[in-house]
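Heads up, the next two complexes both have chain A, just with different partners, chain B and then chain C.
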Partner chain A sequence: MSIKIENVRKSFGNFHALDGVNLEIPSGELVALLGPSGSGKTTLLRILAGLEAADSGRILVEGRDTTEDHVRERQVGFVFQHYALFRHLTIFENVAYGLRVKPRATRPDKDYIHSRVTELLKLVQLDWLGDRYPAQLSGGQRQRIALARALAVEPRLLLLDEPFGALDAKVRLELRHWLRRLHDDLGITSVFVTHDQEEAMEVSDRVVILNAGQIEQVGTPEEVYDAPATPFVHEFLGLTNLFTGHLRQEVLAAGRNVKVTEETALDDKQGAHAYVRPYDFEVSLQADGEDYIPAELRFAQTIGNIVRLQFIIPGREEPVRVELEKTKFRALRVGIGAKLFLKPRHVQIFVKDRKDAAWAGTGS
Partner chain B sequence: MPFSFKKRSVLPGFGLTFGYTLFYLSLIVLIPIGALFLKSSTLTGSEFWATVTAPRVLASYRITFGAAFIAAFFNLFAGLLIAWVLARYEFKGKSILDALVDLPFALPTAVAGIALTTVFSVNGWLGKPLNALGIHVSYTPIGIIVAMIFISLPFMVRTVQPVLEDLEKELEEASATLGATRLQTFRRVILPVLTPSLFTGFALGFARALGEYGSIVFIAGNMPMKTEITPLLIITKLEQYQYAEATAIAAVTLIISFVLLLFINWVQWHNRRKYSL
Partner chain C sequence: MPSPISPAPAKNGPEVRQQTPRARMRDAVGEPPWMRRLLIGLAILLISVILLVPLAAVFHQAFAKGVDGYIAAITAPDTLSAIRLTLLACAIAVPFNVVFGVAAAWAIAKFDFKGKNFLITLIDIPFSVSPVIAGLVFILLFGAQGYFGEFLSEHDIQLVFAVPGIVLATIFVTFPFVARELIPVMQAQGTEEEEASISLGADGWKTFWRITLPNIKWGLLYGVVLCNARAMGEFGAVSVVSGHIRGETNTLPLHVEILYNEYDFSGAFAVASLLAFLAVITLIAKKFLERGVRAEIKAAENMVPEQGALHS
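== the complex of A and B ==
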């Protein structure tokens, strides 16, 4: 089921939750709406479901305008962050709910309901829990039941609102992969909301990054990570170091390692944001050229196979965050206070463009 | 392991607070009620039986328990509706309406009785049109029910309202996305969540109506066998210095009420155990 969102706006009082959103979701894709809290991602999902009405704009489903349709006519499956299971009903009855409330004319008979619910409980691998009540289940189990319940009415579109947000890390990881497999098996269109960039990158076909009610970028996980459209996207997708300054032509010319995302209108002293990810630094004992920055090691912490380092650079208040493999760090044979040299391997540069005020003020 | 009455807990002060609870309940509840039973035991078995099964007494039980049940049942719907409006909608003057609900709590019951009698009397604002329709409220069992509805309404509203306010919006949304109509959502999702509080509200309202005296005696007319409530009968016995008879009737009322409340508590406990282990 393909979806087209046209210029959707929504305000709550003075707060613009969605500020003119346009998006197309092709049939069969698993799409992640990613953004910080307050970015409008949940509002967009709820408008898709019909739980919230847009102030203006249209939602087209396979070319048909569904903006005015009532929730129960939309044939969407909705999974809530806190499961929203009916606690007075057994697991079986929870899953059967959507079938039991169908209009009399289309309501399936008892045998069908029984076999359909059993089939769904098998699908979520919890068919042995049918007689229990939601309070007796763990969080991960409840969320799987919530999914089975949503799937019972054979929705054309599955919407998930931070489905793994309330679960612990290990269960979250398991359910992620499981959701991906389920989506592929069922062949439906799914949209899920998350603020966890790792989750979005790992599970989805395409990531939609939202900020302050607007879409910053749409693309495959690889695209948005390797070629972020805005500084916001780069900053949101992982730890990074920001260097502000002016871009000179010769840096650009010499920039074997420098990637320029905005090549227009580069005059001599263009204000620019340069980002370097912590793992994109080379750390050495001597400077082998002019690209090396002198730095003093201030802090080191080993986490598994990685050592997280913080360096102080003269003339800069913020420490520079660097990640090294443990073996590489050991090979340096240095400790806190050592004077070392950093060389960025890969720099992502954003030039401040007066036309695009959206990210002109980003950075610190 | 030695037998211990108290389970291990990090909360301090069990001994002190439990002791105080026992002492206080004894002083305020158990001792007076014990005295009541003691006094009624001055009657012989047959005297006791004759007193509590006298036709006039039986009639008063019927009218008191019957009217209290009907009043509580009526408030089940009226109270739910008022609680629903107060909990779910925002409107001007909501706080005034909210305060109005508590008025029967605060009003001296005699004042309520006089006010109701005035309004429902043959020439009263409501009594006159109702009389024209052939419905007589004052000096009939209907008057007793009206007074009981009035004084027990807040119990229903105040027990259901917080539960409605806490009701997760997601449950209704989930129900809607699964294709349920509003009526189906109410019947299958909201009502089951409310049921325990409806039971409690019913029990409290029923108990309150059973014990009501002040407002009813004004509107009921107090005709023996017809509109005479048990509390009034007890007062009448007391005024005739028949203390033992009065306490016997009181004891029976007490036991019936206690059994009813116990039953409702048992239903509650049963429900709780079923849904959330």
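== the complex of A and C ==
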């Protein structure tokens, strides 16, 4: 089921949760709504479900306007952040609920309900828990039951609100892969909300990055990571180092081997932002050319196979964060206080266009 | 007797030894033993003087003329009539307040609307207004000289000094009990389950019967028990609107007063013992139901592992 969101706005008092959102979701895709808290992602999901009404704008489902449809009529499966299982009903009855409350005319008979629920419980690999109550289940099990319950009514669209938010790290990882496989098997158009960029990148076909009620970028995980449309997207998708400054004409034109020198780091006249990810630095003992930045090692912390370093560059307050493989760092044979040279391998540059305040990005 | 601080002697066996760490911990954070005993002793003394002795006195006085006198007192026609009237008032007031209380709590806990705080204040008025004043208000409104008095007498409707007035006064004073009990339970439970139900295709009515009501059943029963106890025991408001017509507009508490004023002490206490007995039953039911209510609220907290988690 394809969905088209047209210019949707929603405010709560003075707070603009959604500020003119346009988005198309092709049929059968698994889409992640990614953004920090307060970015409007949950509001957008709830508007899609019909649990919240948009102030203006339209939602088209396969070309038909469904903005006014009641939640019941939308054929949407909604998985809540805290699962919202019916605590007084057994797991079996929880999953059967959607079938049992159908109007008499369309309500399936008991045998069908029984076989359908059993089938769904097998699908989520929890058919042995049918007569337990929600309180007796672990978080991961509740999550899967919530999904089975939503699937029971054969939704055309599956919406998941922070589906893994309340789970511990290991279960979260397992469930992510499981959700991806399930989606590939069932092929239901699905949208899930997350504030975890890793989760969004790993699970989804397409990532929608929201910030302050507006969409910053839509694209495949590779697209948004490799070619972020705005500084926000770049910053949100992982740890990074920001260098603000004046970038010389020939450097922008060349598009490669950007020099981030002392001079560029200090001059802010042109409003250019250059980003370098911590793992995109070369660290060496001597400068081999003029692209090298002299830096002093202030901090080193080994985490598993990598070493996190912080360097101080003269004239810059923020330390530069660098990540090196442990073996590479050992090979340098240096300690805190060492004077080294940094060379950025890959720089993401954004130049602010003064006229419409849009960002033009370029990689090198 | 060994003091709680001293380590348990070996001869007392493993049972006592298991408790020792806990006793020691209590000691580390608590008051010295003499202080504890003094406070507990004071509390017991106070409860005895204020609650237990009077309760015993009621039953002692009730049987002052023996079992036969007791039975005679509570089977007197006027007493039976008072019992019937009290039961009737409860039979109307309690269901009314159940319906109103559930509806009000549902609206307050599950929806956001303008004037919500005003509604909560409104529900609390019977708690803050003296029952006598509540009764007087009804006289002022529906009495012969009242605002609606002329209209009522024209249509031959008798509200005050009659059964309808007593029912009205009872409803008024018991108004907050069910709603007040349900609001915190429903607020703890939030609205996610109802939203889940609706997204699964249930309409509002089915959602209420299948999801909301089962989740609040203990809180509701608890509210009903408190409401019922108050309805049966109400004196002030009912006294003003009743008119004290023996055998017609006398409820149990009013009847106790009449008997007492007529120096029929054993009769008064015999009837009072019925109310005291009701109080004891209420206490037992309350104790039993409280456990259910706590479980309901605790279950609500368990179902939401991260309270106030990020909603963006």
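Criterion: the second predicted complex is superposed on the first by the 340 of 364 C-alpha atoms of A that agree within 3 Å, B and C clash if a C-alpha of one lies under 4 Å from a C-alpha of the other, contacts with A are read in each partner's own complex, and residues count from 1 in each chain.
Criterion: a contact is a pair of C-beta atoms (placed from the backbone, for glycine too) under 8 Å apart; a residue touches a chain by one contact, two chains touch by 3 or more.
In this text the structure is predicted, and so the values were computed from the model without any measurement.
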Fit or clash - chain C, chain B, common chain A: clash
Partner chain(s) touched by A:Arg316 [first = chain B, second = chain C, both, neither]: neither
Touching partner for A:Lys328 - first (chain B), second (chain C), both, neither: neither
Partner chain(s) touched by A:Gln136 [first = chain B, second = chain C, both, neither]: first
Partner chain in contact with A:Thr42 - chain B first, chain C second, else both or neither: second
Chain B versus chain C as contact partner of A:Lys122, first or second or both or neither: neither
Partner chain(s) touched by A:Lys339 [first = chain B, second = chain C, both, neither]: neither
Partner, of chain C and chain B, that touches more residues belonging to chain A: C
Touched partner set for A:Ala84, first chain B, second chain C, both or neither: both
Touched partner set for A:Ala166, first chain B, second chain C, both or neither: second
Interface residues of chain A shared between complexes with chain B and chain C: 49-51, 71-72, 76-78, 80, 82, 84, 86-88, 97-98, 101-102, 135, 149-150, 152-153
Chain A-touching residues of chain B, taken from the complex the two chains share: 168, 170-171, 173-181, 184, 188-189, 192-193, 274-277
For the chain A and chain C complex, residues of the former touching the latter: 35-43, 49-51, 71-72, 76-78, 80-88, 97-98, 101-102, 134-135, 139, 149-150, 152-153, 162, 165-166, 193, 195
Touch list for chain C against partner chain A, complex: 192-193, 195-203, 206, 210-211, 214-215, 299-300, 302-306, 309-312
Complex contact set, residues of chain A against chain B: 49-51, 71-72, 74, 76-78, 80, 82, 84, 86-89, 97-98, 101-102, 133, 135-136, 146, 149-150, 152-153
